[in-house]
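The structure that follows is given in the form of structure tokens.
Chain lettering (A, B, C and D) follows the sequence in which the chains are written, and residue indices restart at 1 in each chain.
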């Protein structure tokens, strides 16, 4: 109980935030490397971006509390992520229309 | 004596003309050209002989005449191949022998080969052969001899393989060429050895007796045998190949696949004695610098003579019998040379050997031509298809008989004189040698009469059509050669050809002569009993010595051994593995290099897969690795 | 402009002529005229050379000319000839000439074929006339590249494989060569890449130790040095007739010529020290090629292996490092060039009729193809060293020369090499016996027609050349012999 | 603040850990799920959890943006795309097993590596300044300003980018 008390007393440590984003990021990596479906890859990318966002704001808050760089960076990142998702999904749908598949392994028409 | 050049050139021209025009000429014209040219050069060489023996004797010694001499190729400062004409007693004698036999064969062939396809080609080849053989004997240096030696081999190849649609003929031609080629390898290496130390190819220098020529050979030895012995031994191998000495004799019986006149010319009278001629040519060198080789030659000759004579006793193909008889007789000549010393009485063997060469050429050619006449009339070579032919072929019968008597060594036929001289020389060398050779002489008489009776006497066979005596063109050479055979023995040979080119009187050694004649007569009587009429004795004897009989009729399995060596060992266990090695090891290494490169590039290509995920993976790993390295080290 | 450059110019003009020619007639006219011109040209050169020598010009190289070509690296376009080059030019002209006639009716794309063919001959001629290391190398490469297309497009059988293999292995050789040449240039410290400039300097012995093998193997690959010979059977087997002729007849000689001119001449000390290694290899080549040829069944393979054997003899003789053997080597190059070209020409002609090259599928051809048959026999006899045909003189000169080396090692190798004359006889007679003699087995072969006029021109020219070289070798062997002398002097240093 | 402050802080901590666990679980589920629609849903939960973290950190505006843009906009796009490209109930193929294992190992290695770095830097000096609320005006002013630490230029870039994206997306997805 004491341990729990000790742990829970005080601020949330920065490491905890970083740990969360770390797990999120590498979950994203895992998904990016292991999935074949383009949408799933996109999901993984979103995860990674999100993890990065968290890191930005956490560092901003903990290390440079008076400034807003991290905050703005996260803001812009969200905007860009939105753009990227929109374009990516447009491409995916287009691919699906042409090739009726969204599996990366099968999308090698351009290669050969 | 510049005109001797014509003797060489005319057959060459004839060859070129006949060869180029080939079937554009009528066969008759081609035959006429060939025979005429031979006639001309025969006359020329008789004249040469006459002039040489009459006018070129200085103080009882015949001089060497070199009417023509040009440098052909220069190898080094000292060594150069020259082409030239050397006239000395043996070459002049050979000129006579070759042109006579060749002329006879040319005439004979007019009838014998009539109607054959490629008649023109045949005459072209005959001219080529005559040219090469003449070139061989008049060679001024050992390399010129080698050149013509090879040309003779090729002409022989072409003539044996004349019936080129017949597989056995093609095989025989190939065999003849390859076996002699193998021997020529020895000859060539021998020449290289000899010329390296003596710094010359020239016969004149080599046989001059000038010791300084051989000075640099002193002390040279290899594997305990002196350099000169090596050189002369190797050269003898070349001679042994051409002259069918054991164990290089195997090609000669097969060479009988060629047309019979060719066998008479090449494989009885001229080319096969080239080896003897070679030894005779270099005799002074052998005698002085390699006496042990000379003795070796004697033993090889004796063994071959015996060996071939035994085989000849059981062969059934008449040409083969004659072929083995030839081998045996050449053995005699080799023995004659081998046992001989140099100069005067010492050189008896040499003189006898040359004498025998001369007489043998005549009567063996006669025998072959006679056999040809028989074959021509019944179209078969086998002894058991013959018998009783004396009624149909009277001229052939008589001439054949004369030749048989000559080879058996019955006086007064020529063979008696020459063989008797060889036997005397042998007895002088060692009694054992003499006894052996006398025994072989007896065997010779036996198998020759076995042959004679087998053909002309005994039971008559049914023939498809009645055999008839040959035309004049065939009969004339028989008679001519028979005349030669009868009278040639009376030529005072010692006045012409001796080891030191000095005059020498032949004395008959009556003891030796008596013994040999007695044995010959006994053998003939034995043969008469056994073969003149149908008799069971031969069968009985054959079954009595069945092992020996079988071995002899298989020619003592020498051919099988050769086939084993060539087919099994060379072909299967040398060539095939080498070819395999080439494809599967050496080439495979090269291909392996190529495929490794290809494999590597395929593997590298996979890195460039276009799969973003893979790139990301590698990128990540790389990042981790680099960051790790930066942080931890 | 030196008139030696005509040898390069004439084929270039032929190429131009080919560009504008529109039909087969014109192509034939252009190529035949050009080839004849080259023949005449080489005849004139020979004559001029001999006259020049006769009036007592003793320079190593005659008719030299020198133009700076690429100043930064001191590369000059320098030409000049000695007796050996003259002999090689003669050989090349004869073979180019006969090759044109042997491919008179080449199909398809005759124009393109001859374009590449001319380019190939430019390379070969250029190589023989140039005296600058780099220019030599350049021409060498020019000669190699067309080979790939010529075999790959106009070949038969596994042509892509053969072409690829040949080109790759030869390229590998030339890579070594390039390193060797540059090494020689920099190590010698000479101010130009001219052979004779470099020869005046001395390359440090340590450098020679690695440059000599590089250069020798580099050239040796083209001369079918064991174990880098395997391109030869596959390449020749798939090449079209004229290309086989030119390749085996001339291109393989580039190897021997280069090894002689560059490797031995410039690095005599290393040659003395390292010759034994290569002597063993070439000794193996000689016997090994001959033994391999015995069991082959494809005519071209037989001939390719026999080329390995004969070309092995060339390098073997060069490595004997004495005048006689080297003269023999050059003679052997000429002789082998002529007879192997003849062989390939005849094989091509026979193949064109029977559509097979397997000796097991042919027999009795002498009856239906007397001209080709007789020519084949003559080629065979030349190959097995019949006196009065070229092979004999060359081989004998080599053997006599090789025998001048007295130690046991050289002796044994020489005798081993001598055995090849027997083995050669075996495989030649085997082929002749199988395909020409006997009875015709194949029904289709009964109606073959003998050589046409253009084939006859090609064959007769080669036979005549073989015969002339074999019967009257003295003038050419003297010409070569005195040109070998500078190398001997160099070796004696 | 005393006890209450402590309690407050403790509550904050408890909320954080609940969120953290949720985020962790759902991130993993999002990338491992066989059904793509489910993984989109899990992603949504992750995004919402992240939004929760922003609140905890005191970035309310960011929280709003996260909800609006991500949870609202992006997720809708996702759902549309999924419905357009997948037949309902269809399972999504994942990579070959070896590839999955390799990816898993790499990720774990990455976690271990980064975790190591974080762990070793645990006691570095840092301070959490109690967040005073960020005014939206302030954000707006900073966005529109041209001074140092003001972001007009990026803002404009982003807007152009957005425009380009809209045009691009339309062009790409347009039926031909």
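The rule is short, and it goes like this: a contact is a pair of C-beta atoms (placed from the backbone, for glycine too) under 8 Å apart; a residue touches a chain by one contact, two chains touch by 3 or more.
Everything numeric here is computed off the predicted structure, so don't read it as measured data.
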**Asked** When the contacting C-beta pairs are counted for B-D and for A-D, which pair yields the higher total?
**Response** A-D
**Prompt:** Farthest chain from subunit B, comparing Cα centres?
**Reply:** D
**Prompt:** What whole-Å value do you get for the distance between subunit B and subunit D if each is reduced to the mean of its CA atoms?
**Reply:** 105
**Asked** Counting in whole Å, what is the centre-to-centre distance of subunit A and subunit D, each centre being its mean C-alpha position?
**Response** 6
**Distance from the mean Cα position of subunit B to that of subunit A, given in whole angstrom** = 99
**Computed distance of Cα centres, subunit D from subunit C, in Å** = 76
**Asked** Using the touch rule from the top of the page, what residues of subunit B touch 2 or more other chains?
**Response** 617, 620
**Residues of subunit D whose C-beta touches two or more other chains** = 102-103, 106, 110
**Fill in**
Contacts with two or more other chains occur in subunit A at residues 29, 33
**Request:** Return all touching chain pairs.
**Result:** A-B, A-D, B-C, B-D
**Request:** Flag every residue of subunit B that touches subunit D in the complex, lowest number first.
**Result:** 617, 620-621, 624, 627-628, 631
**Message:** Please output the residues of subunit D touching subunit B within their complex, sorted ascending.
**Reply:** 102-103, 106, 109-110, 113, 117
**Asked** Okay, in this complex, where on subunit C does subunit B touch?
**Response** 165, 168-169, 226-231, 233-234, 288, 291-292, 294-296, 323-324, 364, 366-367, 381, 384-388, 392-393, 396-397, 399-401, 403-404, 406, 414-415, 418-419, 421-422, 425-426, 429-430, 433, 436-439, 473-474, 477-478, 481
**Item:** In the complex with subunit B, residue positions of subunit A that touch it
**Value:** 29, 32-33, 41, 104-105, 108, 111
**Complete:** Touching subunit C in the complex, subunit B uses residues 71-76, 79, 81, 143, 146-148, 150-151, 154, 157, 161, 164-165, 167, 170-171, 173-174, 177-178, 181-182, 184-185, 188-189, 192-193, 195-196, 570-571, 574-576, 578-579, 582, 586-587, 589-591, 594
